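Both complexes below contain chain A, partnered by chain B and then by chain C.
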Partner chain A sequence: MVRLVFPEAREWRYIIEGLAAIVEEASFVATPEGLKLRALDPGRVAMVDLFMPPTVFEEYKVEAEAKIGVSFDDLVDVMKRAKSGDKLVMEVSGNRLTVTLAGKAERRFRLPLLDIAGQELPTPRLNFTVAAKMLSDTFRDALKDAELVAESVRLKAEDENLLMIARSDKGEVETRFSLSEGSLMEIDVKEPAEAIYGIDFLDKIVSKAYRVSDIVSLRFATNMPLELTFDVAGGGTLKYLLAPRVE
Partner chain B sequence: MLSKPNARLCSQCKGSRRLCGLPECPILVRVRQQLKLEKLRETRTLYSPTPPSVLVGEHGYPRVRAGVNLPALGSEDPRLFEDPGAWWGRLSLYDIIRLRAGLVFSYSVSHVKAAGKLSEAVQEAALSLKPVDSEAVFRRPPTPRLTFDPLLKPVGPSAPVEQLRVVGNPAIPRRVDQLVLDRVKAGRALVELYEHGYDVYYLQRLLSAGVLGVEKRLVPTRWAITAVDKLLGDYLLGKLRDKPPLQGYEVYHSSYIGNRYTLVLMPRPWSMEMVEVWMPHSVWVPGEQAQVYTVHEWSDGRPSAEDGGYQAIRFAVLEELSKRGRQASVLAVREITPEYFAPVGNWQIREGVRNALRRGPVKASTLEEALEVAAGLLLTPLREILSRSVLLRHLKVQRGLEEFLEA
Partner chain C sequence: MSARELPWTEKYRPRRILDVAGNEEAKKKYVAWINSWVRGKPTKKAALLYGPPGCGKTSIVFATAQEFNWELIELNASDVRSREAIEARVFSSSRTGSVAGYAGKIILLDEVDGISPREDAGGLQAILDLIERSAYPVVLTANDPWDPKLRPLRDVCELIEFKRLGKRDVVKVLESICAKEGITCDKEVLSAIAENAKGDLRAAINDLQTLAAGRKSISLADLQVLGERAEQESMFEVVRTVLTAKTPEQALSVTRLPSLDYEMLLQWLSENVVYQYEPSLQAIADAYDALSWADVMLSRMKREQQWALLSYALELMTAGVASARQRPPFKFVKYNFPEKLRLLSRMKEQREKFRRAVRLAARNLHVSTSTFKTEILPYIKVIYEHDRKKGEELLEKLGVRREDLEVVLRG
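Coming up: the complex of A and B.
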């Protein structure tokens, strides 16, 4: 038996949309320690990693570890029906997931559980040399600018600055984030780093996940994956890992 | 008298702009004379077997023209008037135009939702797997003309009808009848019928005639064609998700009526790109410079642009991959030469790709090797394709995440 109550269904909708940006079908794993989901996109270029500890829920009842396999297309459709102020209840029994949106009326959606064969993904151990924190809106805007000219962006960190550079025969767009001008909230550069990432993926992720959190934390290193972390109020995290392009 | 039309001009003109300077289009005149289309000017009623062939226009939506195509001339087997699978590789472009010019589009105008008695006849005909005798009483005699469209088969003379009746017995499969009566959602019905072995052309006809779905409505044929490709393509892609990639590189090729398809299949998770090259002087490309147009999708299966030709290729490729139970990353190059002076519909794209895949591959063990094979089949220089292909660049530079996950 699994029963989870989340106070704000809207917020949960944004999290689900953030997951749906990467995966079509995947399994949540509910354990007494929290709710987790870790999955690769079908092209094996990006990974999403969600962790929601019991503290973010109003009620968290998981007696034994349970796998909750869902189709995100369907789940997004259901979550889009959430109105502000609705409370969300998720229950698993038998081979069904029941999603209840409780507002003025109690609306109950029953979805079949999917049996998804997937290998356990290891926790990545990567040595990032750069860590930065900024408003997720700022990052999203910079991507939108870069998209005008190119299909990939170069992230470059040196001293106290982070640069996003997009270049093609159409032109060049450069965005500078810095502590002194306030566009960065934190930055820690162990050694200067430079890496290229596809805009398609970045944009897909950020255009959904920015609604989960106002703040995004970035970590990367030269020719290494980029990690984007969005914190969920109450201690949860929605994390993405995106493989680099190496030209 | 100009005996052989200049393909370059014809492709721009399509019979309507008199670019060759002659008072009338020599191609259409020839078709008209050969077929004695003028005879149609006196026709008030027509009794003949429709292949079946139905057409729903899009102009004026939601009030559209809907009707059946009835053979008025020619002594061919009625099936041949609408049989893309049989046309491919056998008929010349001119044969196809001539064939289609002998069909009279017998239509009435109705609202897509409020199908009247006349559209009922259209639906009855559409459901049939075999030619079915029909009778049209025209309000005014057919105008002898021909129109071309990139998605649709050529449309011949047309006339509004006062009466349209299906006289013969339509051959309707029981399963289809049941799905129609049960008001199964159109998407589900199409998938189910496809799995039962009905070909896309029959499914296009059913969707267009508005017999499927909960709320029956006519669907303009151009929309129905792409809708079926997209829907079945998405369905087939869903089934491929947990399948392994190909084992090596494969190159396929086919060529017909000025459309050359070269496909490179790569051992990777699903993604696809179409590079469409309109060779100089081909349909709609008057200049000396080839025009290149690309559409791609990554593994998420969402194309970067809406394009009926792309969807036709995608469907044909996914159909083959799903038979083999293998994923692949696919580069599909379509080259259109001036020989394709009039568009005859995107069935030739679907059939061109199907035929290329049916012929079997040239195998290669590296991407470079595969591209070299492709270069030998392409008219366009390979570097031109390389510089335009987002997919090839992506495959070359994008690293997979898994190599970073291993401890």
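Coming up: the complex of A and C.
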């Protein structure tokens, strides 16, 4: 038996949409330590990693570890029905997930649980040399600019600056983030680094996840995956790893 | 899923290329190709591994991924493999590093000969694009690499043939699995399993697992549960089974073959019933009676899309034939290829000419081809019999080419 109560259904909607940007089907794992989900996209280019500790929930009751396999297409549709002020109750019993949106009326959605095969993904051990923090809106805007000319961007960190460069036959777009101009909130460059990432995935991730958190933390290293972390209010993290392009 | 329930074909998949059973020559060629990738200068960007099922094509790719710590990007026969699907699933992956921390990647597209040009629209072209732009080795597998639609792929791939495994190789693998599972099993039994699998290691391992379920030793007597593996038999075998079946049920068993071409079977039976059942006229009559009914069912099925009739047609042409009265005792007969098909293929060119000529003439007369054939051509033929020049002249005026005249007048 699993019973989770979350005070604001709308916020969950954004988290679910953030997950749905990457995966079609995946299993939440509910443990006494918290709710987790780690999954790769079908093409194994991006990984999403969600952790929600019991403290962010109004009620968190997990007797034994349980797998909650869901189709995100279906779950997103349900969450879109959430109105502001609705409370979210998720319950698992038998072979069903019951999602209750409790507002003026109590609306109950029952979804079948999916049996999703696949081994546990290990935490990749990566040595990042650059860490930065900025407003997710700033990052999103920069991506929109880059999208005008190219389908991939080069992230480059040197000194106290982070550069996003998009280049193609159509032209070149360069965005400079820096501490001094205030577009960066923090930056730590252990070693200068640069790597290329596909805009399609970056955009899919950021255009959904910016609603989860105003602030995004980036970590990467030369020709290594890019890690994007969005902190959920009250604890909990929504984290993405995106593989670099190889030239 | 607990480890015990894992199919042994998965559980004992080779972890190193070296451990893949048999096919030494293919392995050598494959390793040379992989090494050219490791050195960074691939001879060809993709390899096409071909051969019968269960001979290690897929296993060698799994082993490669394990051995080099590469991430395996896989698109199976069960996935949709249209252009969009391939682009979404594999394209971005083929040009990015690994997110899960692997040292590299290898891309496997299984059973490319199963890609349907219609349902998987653009799939083959997408594979060509993928090979062109991929930063990692691409491996394709196929049972039949000579399918014409695979031709463009053949040109860009290193072709590596995998052969049916020898019985010795199969037995060796079965023995090592038995040892690891703690099962006692006579060599005789393993050799019978291997025999039955006919060089398909996957089938052999599956059979072994079926037999071993819930016991620790296997004897020859246990083998009977397997039954004969429904293997693709040649048409000669199928015809022999039907015509010499001891019971109607036995004849019916051929309908369970994985790829029975029943229309072909009908032709083959029609051709050969006489040889097998002479001198019993009663048997021949009964058999043809059943075949004619089967033919009626088949044509009705196709004309009206009544697929429910298929089972009647199948039973009639197998069990129906085998239950003919007064069948003569068994004798060995050499079966012939259906004369009808032979004739049709020989006449193909002539029929083609006839059809073309008739179509032209019919169009010039503003009538349908069948009207032309039934209501006009007979008169022209009569005229031709009396006055050759006049007949030819008439036809030529209708647009029939001089070289086709003879065909039209005879047909």
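General observations
Definition applied: the second predicted complex is superposed on the first by the 247 of 247 C-alpha atoms of A that agree within 3 Å, B and C clash if a C-alpha of one lies under 4 Å from a C-alpha of the other, contacts with A are read in each partner's own complex, and residues count from 1 in each chain.
Note that in this section a contact is a pair of C-beta atoms (placed from the backbone, for glycine too) under 8 Å apart; a residue touches a chain by one contact, two chains touch by 3 or more.
Computed from a predicted model, the values in this text were never measured in an experiment.
For the composite obtained by superposing both complexes on chain A, the positions of chain B and chain C are in clash.
In the superposed model, A:E24 lies in contact with chain B only, and not with chain C.
Judged by the touch definition given at the top, the superposed model places A:V48 against neither chain B nor chain C. In the superposition on chain A, A:L241 makes contact with both chain B and chain C. Within the superposed three-chain model, A:A132 lies out of touch with both chain B and chain C [touch as defined at top]. When the two structures are aligned on the shared chain, A:P225 is found in touch with chain B and with chain C. Once the two complexes are laid over each other on the shared chain, residue contacts for A:A39 go to neither chain B nor chain C. Once the two complexes are laid over each other on the shared chain, residue contacts for A:A117 go to chain B and to chain C alike. Common to the chain B-facing and chain C-facing surfaces of chain A are residues 40, 42-47, 117, 121-122, 124-126, 198, 200, 224-225, 241-246.
Against chain B, the residues of chain A that register as touching in their complex are 24-25, 40-47, 117, 121-122, 124-126, 151-152, 196, 198, 200, 204, 224-225, 241-247. Within the complex, the chain C residues that touch chain A are 1, 71, 73, 88-93, 95-101, 135. Considering their complex, residues 241-242, 269-271, 298-301, 390, 394, 397-407 of chain B touch chain A.
Residue ranges of chain A in contact with chain C, taken from their complex: 40, 42-47, 117, 121-122, 124-126, 198, 200-201, 223-225, 241-246.
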